[in-house]
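Worksheet: one structure, shown below.
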Amino acid sequence: MADREAVLTAIRDERLKRQSTLRRLMAMPELGAIAGAILVFLFFGVTAGGTGMFAADGVLNWVTVAGQLTIIATGAALLMIGGEFDLSVGSMIGFAGMMIAIPTVYFGVPIELSVLFAFVGALAIGFLNGLIVVRTRLPSFIVTLASLYILRGMTIALSILFANRTIVSGVRNFADGTWVQALFAGKAFSGLFVWLAETGVIATLPNGDPAVKGIPAVVLWAAGLALIGHVVLSRTRLGNWIFASGGDANAARNVGVPVGRVKIGLFMTTAFCATVYATCQVMEFGSAAADRGLLKEFEAIIAAVIGGCLLTGGYGSVVGAVFGALIFGVVQMGILFTGAPNDWFLVFLGLMLLTAVLFNNVVRRRVTGER
Amino acid sequence: MLKSFVKLLSAAAVAVPVALGAASVAHAEGERFVFVSHAPDTDSWWNVIKNALKNAAADTKTSVEYRNPATGDIADMARIIEQAAATNPAGIITTIADFDVLQSAIEGAIAKGIPVVTVNSGTAEESKKLGAMMHIGQPEYDAGKGAGERAKAAGVTKFLCVNHYITNVASVERCRGYADALGVELGDQMIDSTQDPTQVYNKVKAYLTTHPDTNGILALGPNSAEPTIKLLRDTGETSKYNFITFDLSADISAGIKDGIVNAAIDQQPYLQGYLPVVFLTQYVRYGVMPANNVNTGPGFVTKDNISLVEKLAGEYR
Amino acid sequence: MSAAIASTPDAAVRPEPGRPLIEVRDLVKHFGPVVALAGVSLTVRAGEVLCLLGDNGAGKSTLIKTLSGVHKPTSGDFLVEGRPVAFSTPRDALDAGIATVFQDLAMIPLMSITRNFFMGREPIRRVGPLSFMDMGFADRVAREEMKRIGIDIRDPRQAVGTLSGGERQCVAIARAVYFGAKVLILDEPTSALGVAQTSMVLKYVSQVRHRGLGVIFITHNVRHAYAVGNAFTVLNRGKTLGTYRKSEITIDALQNLMAGDKELQSLSDDLDGMV
C-alpha cells in the first residue's frame, strides 16, 4: 500500500512538474521585461544595425543611459513591491547634486565631506518621507508629490541664494584627482579597452585612444545596486518582509512583520539611489543644476512597471526593473540611432508602457488565478 | 534560465553589428548632420530653427536630424551628443547650454574627427575652448545689456525679468546684463515664471501688484512674453511699462504694433539653423569654412520695422 | 523525508488532552459608553474544539480580538494554562501560543505559499556576516506540511492566489500549528466556502484537534459547528448564554438557542421547516 502511495505521488509529481515549469516561467515577474528586451534588441538590430548603435561607443552610450536609470529603478522597484511610491526621486537627484556642489564650491568643504553630507541629508529626507507616510497613513503618492515640489523648489531657491544662478559649476576643480571622483565617475578596466583597441576589436580614435576608454562607474554602480537589491529581495528575510508589507500590510502586521520600519527603510533606499545617481552625474559633469533629474521619478517607475512590478505592491522583481531600465535606455537612444524624428519618442514610450502594463496584468491574473 | 537570456542578448549585440557593419558605406552625397538643442519639447521658439534646418537640408541636398532632451535636462543632452557621435555623422551642430556638462561629450565627438559647430547658447570663447569650428549665435549677456541700455534711455529704474527657463544659465545672463545696464542689482527682480501660460500670467500679475513702482519689463521669450502681453491688455496698462522681450512670435508682433511691447530682441534664429548646415556642408565637400564666428543678433524689432518681420513671425523670424 | 519534520517546533510537547488552555471568566470590554462584552466566560481545553456561536453583533469579533491581544479587556480574568495574562500586542498572544487565523487577513495572495508560510518567521542561514533566508529549507517544509494536510501542492513557490479558499484557510492553520500554537482561534473559516471546501477545512480542524491543540471555532453556521465541536458556547448581546457539551444538546436546540428561540422558530414555520 505504501508502494502504491509512492507510485501515485511519483506519477502526480511527474505530471505536475511540467505544468509547474511553465507556471514558474509565467509567474516570473521579469518575464515580460525580458521578452520585451529581446524584442527591442531585434527591432533595433534590424532598423539601426548599421548606424553605429552596436559599435563600442554606441553600446557604451545606451548602456550608460540604461545604467543610470537602473540605479533609481532598483530603488523604485523595491519601494513599489513594498507597496509605496516615491515621486520625489527626480527632485532628490537635483537636490542631492546641490548638497554636493554648494558646500564644495561656496563653503570650501572638502568634496569627500560634501558627498557624505549629501548622502546623510538624502537618507534623512527619505526617512522623513517614510515616517510621514507610515504615521499618517496618507497615500505615499501625495506625500512624496509634496516632497517633489519642496525639494525642487529648495534646489532652485538655495542655488539662487548661494550662487545667484541655477547651475553651480566648477565642481571639477575640487573633484579632480580625488577618490570620490574615481569612485563615482571613473572608468574601470581601461587597460582592457586599450588592449581591445590595439587588437582591433573596438575602434580607435584618430589620436590613437580607444573609442571607449573604460566602463563608466555609473554602470558598475548600477550593476552593484541591482545585484544587492535582487539578493535582498529574493534571498533574505527582509525581502520576504518587503513582499509582505506590499502584499497586505495588515496581514503582515498580524504575523509580526515590522511593516513601518520596512517601508521607512525603503524610502531611505530610494533616496540613497537618487543620491548615487546625482553624485555620479555631478562628478562626471562637474556641475549641479536645478533642473537635474526632472521627471526621472516617472522613468524609474516606468522601468519598474515594465519590469513587472504591480502598482498596487506586493509583486515584482529587481531583475525585471533592470530589464525595464534596459528597454527604456535602448529605446530612448535607439530611436535616435534610427534617425526617426524624436518628436514621436514620447508617443512610442507611452505605447510601450501601456503594452507592458497590459501584459503584466494578464500575467498576474494567470499567476494568482484571479478572474 | 536568466543566464541563457543574458547570453542570448550579448550574442545578439555582438552578432548584429558584424552582420550589418559591412552595409554602411560612406555616402558621397547626402551627408547626414545632427543638430542637438537643449530645449524641451514644449519650447515653440525652436520651430523657426527646425524650419531653417529643413530648408538648409533641401538647399544643400543633405539630411539633418533635430535632437533635443524631452525635458530640457542638460545631462540628458550630453548623452544625446554622445549618441550622435556614435552614429558617425558628417557633422554635429550643438548648443552649449552648459559648458561643464557638455564639455566631455562635445570633445569626444571632436576627438572622433567629427566637425562640430556650436550655435545659440554659449559664448565664442567656450566654443573655441571645446575645439569647435565656429560659434553662431547671440551673446546673451550683451543682448540683455543692449536691452537694458534702451530701457535706461526710456527712463526705467525698477524692472521685472520674467524668466520662464530659470534653470538655464543663459537666461539668467540676460537678466543680469539688463540689470547691469540699468546699474541696479538684479536681486528679486527676476521671477521664475515657469512655462505654463496661466502661471506666468498670475505670477507677473502678482509681482506687478506688489511692486507698483516697477516701470520696466524684460521677458525672455514668447513663453513669458505672450501671457504678459495678455495681462497688460486685460488690465489696460498698455503703456505703463517699457516692455522689451527676447525673440518674436505672432503675439509679440501684434504687441509691438499696438505699442504694448517697445522692442523685441531678434537673434534671427533662422540663421542659427540655416548657416551651420551650409557651412558644414561646404566644409565637408570642399574644406572651406569662414574664419570668424557669426553673431546673428541682437537686432531690435520695433514699431518701425515690424511690418517687414510680421508675416514671417514664428516660422522664419 | 520526515527527518526535517521531527526537528520542527511542531513536534514540541503538547499538553495532555482535557487540560484547560484558556480560561476566561466574566470578561468585560467597554468601548467608551458602548458595552461590547458584558461578562463572557469560557474554557478551551487541549484536544477539544470549542465552538463560539452567535449572530452578528453578539460580540464574537470583540471577544476574539481580546483573546488575540488586539484589545485589552476592561475587566475579568484571562488565564492561559492557569496563569493570568495581559497581552498588549498580537505578538504577545502569539508568543503565549495563541494563534488567530483571520478570515480575510490570513494570507497574501500574490506571495508564494512558502513565503506566506514563513512570513514573519523566516528561517535564516548565515554565510559569514550575512544572513539569508533559507529558501531550500522553507520550500521543503512548506511542501511537506502541505502534504500532511493532504493538499496536492504543485509547487511551494506558486502564489497563494492560485489556491482555493479552503486550501488557503488550511495553509493558514497549518502555519499556526507548525509554529507551535497551542490554541487556534479560527474566525469564520468556512463562511465564504462551498460544500467541498468546507468539509476540507472541517476535516483539517478535526485533525488538528486530535494532535492535542485547543481550537476556538467561530461560526454562525450550526451545522459546521456541530460537525467538529466538542463544546458549544453561545454568545448573545455580549454575554454567554451558556456552554454545552456535545452530548448535552441537539443540533436543533443549538440552532434555536443561537437565534434567540422564537424568531427562528416562527421563521422556520413561515418557510415550512426549511431552515
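For clarity, chains are labelled A, B and C in written order, and residue numbers in each chain start from 1.
Assume a residue touches a chain if its C-beta (ideal position, glycine included) is under 8 Å from a C-beta of that chain, and two chains touch if they have at least 3 such contacts.
Everything quoted here is computed from the prediction, not taken from an experiment.
Distances from each chain's CA mean to the overall CA mean are smallest for chain A. When chain centres are set by their Cα atoms, the one at the greatest distance from chain A is C.
One simple way to say how far apart two chains are is to compare their mean CA positions; for chain A and chain B this gives 31 Å. Chain B and chain C have centres, each the mean of its CA atoms, that are 71 Å apart. Inter-chain spacing, taken between the CA centroids of chain A and chain C, is 43 Å. Only residues 12, 16, 19-20, 23-24, 27, 231, 235-237, 239-241, 243-244, 247-248, 250-257, 310, 314-315, 364, 367-370 of chain A touch chain C when the two sit together in their complex.
Chain contact summary for the complex, chain A toward chain B: residues 25, 30, 34, 37-38, 41-42, 45, 49-55, 57-62, 64-65, 156, 164-167, 169-172, 205-207, 209, 211, 281, 284-287, 289-295, 319, 333, 336-337, 339, 341-343, 345-346.
Interface residues of chain B, counted against chain A in their complex, comprise 1-2, 5, 8-9, 12-14, 16-17, 19-21, 23-24, 32, 41, 63, 65-68, 70-75, 78-80, 82-88, 98-101, 103-104, 111-113, 166-169, 172, 186, 192.
Looking at the complex, you find that chain C touches chain A at residues 90-91, 94, 100, 102, 105-111, 115, 118-122, 124, 131-133, 135, 152, 154-155, 157-159, 161-163.
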